[in-house]
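Okay, structure first, notes after.
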Amino acid sequence: MTGTAAQHDIDSPENLARRRHGQSVLSEIDGHQGEAVIDSLADINPALGHHVAAFSFGDIYDRPGLDPRSRQLVTLGILTALGGCEPQLKVHIGAALNVGISREEITEALLHATVYCGFPRALNATFVAREVFAERDATPAS
Amino acid sequence: MTGTAAQHDIDSPENLARRRHGQSVLSEIDGHQGEAVIDSLADINPALGHHVAAFSFGDIYDRPGLDPRSRQLVTLGILTALGGCEPQLKVHIGAALNVGISREEITEALLHATVYCGFPRALNATFVAREVFAERDATPAS
Amino acid sequence: MTGTAAQHDIDSPENLARRRHGQSVLSEIDGHQGEAVIDSLADINPALGHHVAAFSFGDIYDRPGLDPRSRQLVTLGILTALGGCEPQLKVHIGAALNVGISREEITEALLHATVYCGFPRALNATFVAREVFAERDATPAS
Amino acid sequence: MTGTAAQHDIDSPENLARRRHGQSVLSEIDGHQGEAVIDSLADINPALGHHVAAFSFGDIYDRPGLDPRSRQLVTLGILTALGGCEPQLKVHIGAALNVGISREEITEALLHATVYCGFPRALNATFVAREVFAERDATPAS
Amino acid sequence: MTGTAAQHDIDSPENLARRRHGQSVLSEIDGHQGEAVIDSLADINPALGHHVAAFSFGDIYDRPGLDPRSRQLVTLGILTALGGCEPQLKVHIGAALNVGISREEITEALLHATVYCGFPRALNATFVAREVFAERDATPAS
Amino acid sequence: MTGTAAQHDIDSPENLARRRHGQSVLSEIDGHQGEAVIDSLADINPALGHHVAAFSFGDIYDRPGLDPRSRQLVTLGILTALGGCEPQLKVHIGAALNVGISREEITEALLHATVYCGFPRALNATFVAREVFAERDATPAS
């Protein structure tokens, strides 16, 4: 069916528009780190990269109703609780800084997380935060 | 050792003060639902109830550095991602409303969660939100 | 921005088409149970219901490259491992039957799961399977 | 291959012996609750019931090297951390009492768990413990 | 009891036969990677290695009722959802290829997983798939 | 409020006393590894380090009612089941040895864990145990 084929064609005009909107949101929020994730998927799973942009950032992220700062707080909670998502925590702690959450607020959020998902998850997320802050200190112009 | 005995005595003057401060924060944030959880622990595990109040709400919750609204967003993320924490989600969705997060923001946060922990977790949290909103609609004076 | 507003308008012609395609896939796969989930979201989070249909079933589910039988096996593994997703397991065990996976294959898959996520998760999923099979036996015309 | 067919025949003399040994361990440890779980699987997944007895209790549980009390402490940690395993926690809190862990030790273990997997998981496990203790108080001869 | 001692003696004739059957299934499915895992356990926990072979692959894996392709799809779902199981994902993505699941089907399965356990888990599993495919491309005769 | 400010001041006389007690428990149990974790937090999140000591080890760990050996068994179960907590498993397997749990008991506990959280989690924890034992063999005086 033409409709279906178009819906699954990630380079159809519609999907391209959705993806491009998502990529522009992603660039604002995650900077080069988010784009790097999508680029890294080009060979292995381009459809996954498409949906990271088109769905996550295009359809969902900049919907009115919840501002980026609030979204990043929810995301930090999720990624900390899940565990094993250090690569994503790295990107999203950076995104949190980009949308105006301070370093102090991030570390407080991770301390707060000890109550709800325990000290191990909170510690592992804090180690990622330390790494992100150190990288930012090392390259201030980024 | 006297010091240790005192630290473990949940009714020592120090611990009582920490607990009372926590209980007052809890009442502001969770209303009667939070107090009900602690009361329900009186027979089975009073020390656990003590630490819910003294540590979670006394030591952590109202630390400056992260406001209650931000804390509740992190908590919603964690509880949604963990799964199986519907009792706590019920209390904390109520707390989110109490600290000024709107119903629309809550449902947006749960839609946002689909990206990071999938639709099943987000759906189950949304069903709890529906229950909380319905209860509030049924008893407007609470 | 008009483009963005359209992308977020779940009733735009584009989104309506995506959703309708998803709803038709959903009806084939999950029967009335899947539609019931989306309907149940109409009041609380219509956008979530939209994306269950438009993204999960419209964009992803019937992409060529993985057949429905294979998709349901992956889904059974995920929902069993996550735990706490009994509502979704109920729908998806039904969907597995609908796409031609036999009851024996389902129970074998859950026995297989003991190796990878342990007996508790596998047992809880098996209890849901029992419930689904019993309902089907009680209402053979469904 | 005959060897394989025998290994998969849960009623072969070898498997029957393994299962019977497991059932006898299970009766000692879990009492009637454990047997009830296996019986409940007879219609839906008898092989799963076989392996609960033959593998979990026959091959593993009474291996020398770790005593039942220690095993139950590990199990309580696992089931509390997993979440969503309230049916299994119910059986295993009972088993913990049966192998000589006191009610005080169980509630201390769940308080201890707050540190490692957070208060929500620990609270939900504590609610199950309360239920188990109440049932035992109601039927002292069990 | 002699029966028990024999059941716990991983080198008894019965257990040796179960283990050898499991090892032969493992070699077919996981190739050298699976055997390597068991070998790596020889010093630290030989009983664990025994049961990987005897239980997982001997008792469960080649039971009729679910074919290897279907089993690997369930396993991919579980390991992706669990997170933190990259070592096992590496072995099992290889096993999936060995039992005839194509690279395209594997990446589609991981895209499908975004719906049920979110993008972070699916991304991390995709990164492992990329590594496995790259190793196979580098050593075509393996 | 003075009371609150004091409760949040991690260097108040009360908090210093709670922390020092916790640090002394930590040194006994985790040796230098536990102290190293807290030291590593000094720059990034000193309050988190304070609460690891004051709450986890000062308020909870040496409460009468559950002995250290039992506590470590519960902790091993939790950390194994959570997955992704290899840094903490490393510290706590060492702590288990320190409180008198033997290497054989630790590996038996991890084999036991296969039943409740599956072979992947148990294998990953066993790999950490191997690393801990190897380090101890390499530096016998530690």
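Chains: A, B, C, D, E and F, in written order; residue numbering restarts at 1 for each.
Operating definition for what follows: a contact is a pair of C-beta atoms (placed from the backbone, for glycine too) under 8 Å apart; a residue touches a chain by one contact, two chains touch by 3 or more.
What you see is a predicted model, and the numbers here were worked out from it, not measured in a lab.
Q: If you walk touching chains, what's the least steps from chain B to chain C?
A: The fewest steps needed to get from chain B to chain C is 1.
Q: Could you name all chains that are in contact with chain B and with chain E at the same time?
A: A, C, D, F
Q: Farthest chain from chain A, comparing Cα centres?
A: D
Q: Over half shared or under half: which fits the residue numbers at the contact of copies chain B and chain F, same or different?
A: Chain B and chain F contact each other through largely matching residue numbers.
Q: Report which of C-F and C-E is connected by more C-beta pairs in contact.
A: Spelling it out, more C-beta pairs touch across C-E than across the other pair.
Q: Of the pairs D-E, B-C or B-E, which one shares over half of its contact pairs with A-C?
A: D-E
Q: Provide the C-alpha centroid distance between chain C and chain D, rounded to the nearest whole angstrom.
A: Between these chains, centre-to-centre, one finds 31 Å.
Q: In whole angstrom, what separates the CA-based centres of chain D and chain F?
A: 26
Q: Find the geometric centre of each of chain A and chain D from their Cα atoms only, then give the gap between the two centres in Å, rounded to an integer.
A: 40
Q: What positions in chain A touch 2 or more of the other chains?
A: 47, 51, 55-56, 60, 63, 78-79, 82-84, 88, 107-108, 111, 114-121
Q: Taking touching chains as linked, do they make an open path (line), a single closed cycle (ring), a hub with spokes (star), an all-linked set (complete), or other?
A: complete
Q: Mind listing the chain B positions that touch chain C in their complex?
A: Where chain B meets chain C, its residues are 83-84, 107-108, 110-111, 114, 118-124, 126-127, 129-130, 133.
Q: Give the list of chain C residues in touch with chain A in this complex.
A: Against chain A, the touching part of chain C is residues 3-4, 7-8, 14, 17-18, 21, 47, 51, 55, 58-60, 62-64.
Q: Which residues of chain D touch chain F in the complex?
A: 55-56, 60-61, 63, 65-66, 70-71, 73-82, 88, 104-105, 107-109, 111-117
Q: State the interface residues of chain F toward chain A in the complex, per the touch definition above.
A: 37, 40-41, 43-45, 47-48, 51-52, 56, 78-79, 82-85, 87-88
Q: Which of the residues in chain E come into contact with chain B in the complex?
A: 114-121
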